[in-house]
Amino acid sequence: MPAIAPSPDQQVHVTATPLPTRLFEARNTTLALVRHILPEDSVVQSMPEVSPSKWHLAHTTWFFEQFVLAREPGYRPVHADWMALFNSYYHSAGPMFTRARRGLLSRPTLAEIIDYRKQIDERLADLYLRIPAEAERDAVVALGIEHEQQHQELILTDIKHVLAQNPLLPALAPAPTGADADITAVPLRFLDGRSGASQIGHDGLGFAFDCETPRHAVLLYPHRIANRPVNNAEFCEFITDGGYRNPLLWMAEGWDTVQRQGWQHPLYWADDLQSEFSLHGPIALAPARPVSHLGFFEADAFARWAGARLPREDEWEALAGTQPVAGRFQEDGFWHPRPAAHDSGSALQLFGDVWEWTASPFVNYPGFQPLPGALGEYNGKFMCGQWVLRGGSCATPASHIRASYRNFFYPADRWQFTGLRLARNA
Amino acid sequence: MPAIAPSPDQQVHVTATPLPTRLFEARNTTLALVRHILPEDSVVQSMPEVSPSKWHLAHTTWFFEQFVLAREPGYRPVHADWMALFNSYYHSAGPMFTRARRGLLSRPTLAEIIDYRKQIDERLADLYLRIPAEAERDAVVALGIEHEQQHQELILTDIKHVLAQNPLLPALAPAPTGADADITAVPLRFLDGRSGASQIGHDGLGFAFDCETPRHAVLLYPHRIANRPVNNAEFCEFITDGGYRNPLLWMAEGWDTVQRQGWQHPLYWADDLQSEFSLHGPIALAPARPVSHLGFFEADAFARWAGARLPREDEWEALAGTQPVAGRFQEDGFWHPRPAAHDSGSALQLFGDVWEWTASPFVNYPGFQPLPGALGEYNGKFMCGQWVLRGGSCATPASHIRASYRNFFYPADRWQFTGLRLARNA
Amino acid sequence: MPAIAPSPDQQVHVTATPLPTRLFEARNTTLALVRHILPEDSVVQSMPEVSPSKWHLAHTTWFFEQFVLAREPGYRPVHADWMALFNSYYHSAGPMFTRARRGLLSRPTLAEIIDYRKQIDERLADLYLRIPAEAERDAVVALGIEHEQQHQELILTDIKHVLAQNPLLPALAPAPTGADADITAVPLRFLDGRSGASQIGHDGLGFAFDCETPRHAVLLYPHRIANRPVNNAEFCEFITDGGYRNPLLWMAEGWDTVQRQGWQHPLYWADDLQSEFSLHGPIALAPARPVSHLGFFEADAFARWAGARLPREDEWEALAGTQPVAGRFQEDGFWHPRPAAHDSGSALQLFGDVWEWTASPFVNYPGFQPLPGALGEYNGKFMCGQWVLRGGSCATPASHIRASYRNFFYPADRWQFTGLRLARNA
Amino acid sequence: MPAIAPSPDQQVHVTATPLPTRLFEARNTTLALVRHILPEDSVVQSMPEVSPSKWHLAHTTWFFEQFVLAREPGYRPVHADWMALFNSYYHSAGPMFTRARRGLLSRPTLAEIIDYRKQIDERLADLYLRIPAEAERDAVVALGIEHEQQHQELILTDIKHVLAQNPLLPALAPAPTGADADITAVPLRFLDGRSGASQIGHDGLGFAFDCETPRHAVLLYPHRIANRPVNNAEFCEFITDGGYRNPLLWMAEGWDTVQRQGWQHPLYWADDLQSEFSLHGPIALAPARPVSHLGFFEADAFARWAGARLPREDEWEALAGTQPVAGRFQEDGFWHPRPAAHDSGSALQLFGDVWEWTASPFVNYPGFQPLPGALGEYNGKFMCGQWVLRGGSCATPASHIRASYRNFFYPADRWQFTGLRLARNA
């Protein structure tokens, strides 16, 4: 059983919205998000890293059942034999069904899982009626809300991967109106980054994951950083200049991946570089849109080709920490990155549109302490072989992101909305 | 386009039931068979050899569209972009979607495919109204009916494999009433097999696949053959005697498979040898029931352990050709092999209950000619590495089987209802 | 311990040459054969199916130590800790080192293994001095001589595969003088094959492997069979006609192999179809030479393309049984197939030059009994998934082959000197 | 062609020993090192990461031929067709033979390669006679010497892996006299680490690899660091406490590796934890010897189990930079880590015995510039997925190591002499 006490770094702050309200809002948002997903869609696992939509719906529910409801002595699970099915990777919480085989589970059905959500939500509501506040529990509920939001993004990116395997290239949902395809790109410029001693990591106001803490000093070397993410037109230049055929541009392991996987362009692009698959079906490849669905290897190779480099995560955070958290997010309903409409003169699109690969491996901060108990497995055990991404994407809930947020994926992972921003030594 | 003329060996005989009637009966039977399969079930492919139920429903329909309807000049497919999805392996009929990736296709949905079936059935009905008889077409339709029946069996065996991956072990359908679990096994006896010159292969009365022809003479050596299939109790003896741990009982490749796959008992048996998974959920392991879900490797090893051997296919057919085609089949609705109720004194259960592995590799008969055109790909190209099975199973439609029928699978395949009957040199 | 009594089918016949003389001749021939193989060559295992030369030298020696010398009570092995290293696949004879890892053994060295051979040969000589004749032992020694000869052929084909991996394409040995490259091919003609009842299998005169027995009657259908093997020029026609790109010519599993392995021509051919690698280094592709290094899949596809088929093994044996065992063999020292010098009017090159793939899977003959004891593992356990080849090759010792000899390999195996002869239904 | 100018960070300093003398000393040391390696040993590649000894000998020679000799216009290689065989990974230098297939090359032989070394050494000597000094060339030669030394270590660690595959467990060389097995371990103590601002990276005095530069400021947080590496006795406690069975101690990817590879103890340890394989054959597991042949995953898990962590590389360097570079190295001829003989009160064994895994991924330093030209491929392209190790080992040449030296391997790599030192947050 987890035992999480609010700490200075992770305490749940009093906000305008009470915790239970935020909880059920998040839970309902998830349900709204899957309204276009059919029972057949909800089963498929297109690669080991992708989970079926059905599984996401159940796992986020299991999270609350396992870590919140089951904290009460004598708790009887809604479906005891489902618990192992929907445990993702918490060894402390008991056995778990093999991740790569999630797509073999046709039962429980989508309807049964939605009913399971309903029952757990009712039990949570009942719990809050009985016990309106309890510090440890509320810390876990706050974490569960963020966890729910992470899976909202994964539901979108995973179903995109599923649908993209289908030669019929079905759209998940119609695109909302409001074209951006003819927007002219804001000219790429390099801005002075902050240098010298700086502080990064979460400042303790509001929620943060353990891996964002403790806040600590870093030394930043003089550098410049681009005003916006790299766009499709720029990435096309890299391709037509032979970027995918020149080993000197790539990490050794990246070049192996290019060869072995036959990479010739970002994931979801058509081979003729004229269109790309989106959650709204195939769309023309708009030059000004931020390039996305790149692996770290491609982002790194592009930067080298461009005579630049990726920003380090501390450089990125030092810049982003000075900006409001604003951008295009999941709530917009257009689940594809878009160009900035006009040049503000300062850094654009740090938040939303595309996650930005950094030059920083995902490791702990000096003095890092994982969460106590089972939830200590949340982040710490993944601090090996992955790279940090920053800023959120068009699939991230707006309230989920912040300057100190550290996302992380393996360098060959391409199915998230992942792009890049250039940097340079000054 | 296939061009199949009725031949003496393959002509469509006048039977009591007109061909279109048989066609729509077969089509409706398929639909009735999937009534327990939910949309989520219908998507899953649990291994490359298994196809999703949804795919079976569409592929059998495609077969009639491609090989019957599309023979008419100017034919417009119902869904042109579905044709490649549901072509199984006919290179002559155009491109095909990779077999091992069928489980990645969530669309078209189950409902859309059932609608597709309806539309093709209507077109077929319309065609028969317009042109009541045409020899070449009717030969293909007759083949299509048999093809539909083969997929009826596969729908059951494939969905069984899918459901078996699920720790919840869901039943596809409730078992019909009528217990057999307490039946005492008929004593195992060896009967004299027929020896000397004999004829095997299809005699030209009614439908046959090309691989059953031509009928030809064979020389049979003196042998004895068991009165019934091996049962669960007998197979348990093999296991408890260390059968799965003794390499001297196995083909070299079989022993490799045992080691690599960790085989310790037939597929679907519980490790405690007390129960097995069936399409009606987990059931007790009844001693007298024919053992099933064996690979050739296991059947061959068991026979060696028993001081016997598998019958050759000509020995089997020489015996079965003297018997009526009667037994327990798909229509019974109990999709699991059952023991014989009483001893007739002669050979029991040659037809139905379990397919019986033979000692014969699947190769062509002397003088074999594959079907002309695309349908020549039906059987001939699989005559490598597979072994012949005879007699049909509890999942085979009764009207589909005959003494000359040659089924074939790879020696490690275990997900069909496959068992064995012993034989011995005299 | 094996216990082999001479049987009517397998007795060791009195020949002009005494058994011990034949034994040491065979042993010395092996040593002579490896004189070009350097210590570095002798270690490499280029694929799991290939064994290092060093291993062959030790394994054939182990065979005599394990099955002949160790029959004496109280026997002390020369190197007790080597026994498992050089046991190939005899579970009855104790543990064995993993086949696919033989290339990881640098020790014992080549010199140490040659010394081991010497010690075992001395012990064998001593044994024959002490006990000049003993029926059971002598049957095993006779088998051991044939076993030694089989590995002589494998030493050549395996080292060829090893050297072919090296971009330097080193020759094992210089070619003996006597050119054949400009010989004009004998025209291809089809001869009448024998039909009706016939006898195949070993007749009991001289040595035979268990799988050649018992001699038994077969029924042969009217057919015609080619006067000589297919040659390089004919196979080039198949290639330039798109043979490797047309799935309709191939077994389904063969086509998968072509795609997966990227086959475009026989093994060891240059991509420009102008030269091939031989044990005497790269040589021009001579049109009249029998094509070799084909898998069954390629032989079968070629025959289909040519409007013909492969002969069944009984058809082949019925023809070859009427001919003297004469041809080009290992002793010639030119280890590459050669064209027939002139047309005799009857069947040419049935023996020597290239093994000929047949249409027959390797299964037992009716009434087959494996050898008793450990040597029962010699052939019987490989009767699954392999196809019969007949006639021997340019790497086979002349005294090793006969009309009833059944060689066997998997259908994708190409590293032996394997070609084909066409046949047709009459 | 590389073009390397001495830079402030990388200039070749005047030392007591002239460069050509150091060059030929290094070359001769390599030859002396392989005197126990037999021709058969020199061929084997026991896993893709291991190279045959023969290949190391040729590759280091190729390095001088390609990057030093071939800088002269009109240069004719000694063996033009060997160049691709012995190019390791320099795309700029032309094609290269596939790394994982190096063990398939029996030719050139060991003797031919030693002759090749001789010829190149003669050409180098001749070059130095003709042109005693040239800045760019001498920078490459200085790099080539260090490169030669790196491969000296790899020759030892690779041949150890090769010999360990052999059930005979052959020793490469007899152990020199002088026992250490009964030494009592120095008690483990934690020393105060340096904190606050510090400088790490190469200071420009003598040779350094590009990845050690530029020297730059870092911020160190208060921490404590162990006085010596973890020893075998301590690691045995981890094992007997269930360390390899407790997922909560491991990185997620480490736990996957443990499960998939069946790890139960360090590489080369016997399953009974009583002995380990060394280059001097199997030896008893001495409690006080530093544990070695650990992957990062094991080092990290051990540290977590011990309530500690691995030191960051800057923490390590800040400590080691204050110490003389002294310890047990390759020259000792005992190629196995040994315990410290007595407690000095300060940090022991920072250099030599075992490489120490750090908590730092191998990435570039702020302002890093790879070497120009082909030699830019030396380090930079491997800065992904690997972890830094510090301090050198018993297989490292003494003159090769320094406080700023950064070695790097993948977290599952265990075939180097790799151990760990504990650290803790203060």
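Some observations on this one:
Which chain is which? They are A, B, C and D, in the order written, and residues in each are numbered from 1.
Just so it is clear, contacts are C-beta pairs under 8 Å (C-beta built on N, C-alpha and C of every residue); 3 or more make two chains touch, one makes a residue touch a chain.
Just so you know, these numbers come straight off a predicted model, no measurement behind them.
The greatest centre-to-centre gap from chain C, using C-alpha centroids, is found for A.
Chain D has its Cα centroid 38 Å from the Cα centroid of chain A. Averaged Cα coordinates give chain C a centre that lies 47 Å from the centre of chain D. For the pair chain A and chain C, the distance between mean C-alpha positions equals 60 Å.
Not a single residue position of chain A touches two or more of the other chains. Contact annotation for chain pairs lists A-B, A-D, B-C, C-D, with touch applied as defined. The touching residues of chain D, counted against chain A in their complex, run 89, 91-92, 216-219, 221, 247-248, 250-255, 296-297, 312, 359-361, 363, 366-367, 377, 381-385, 411, 425. Contact residues of chain C toward chain D in the complex are 38-44, 46, 54, 81-82, 84-85, 97, 101, 103-110, 162-163, 165-168, 170.
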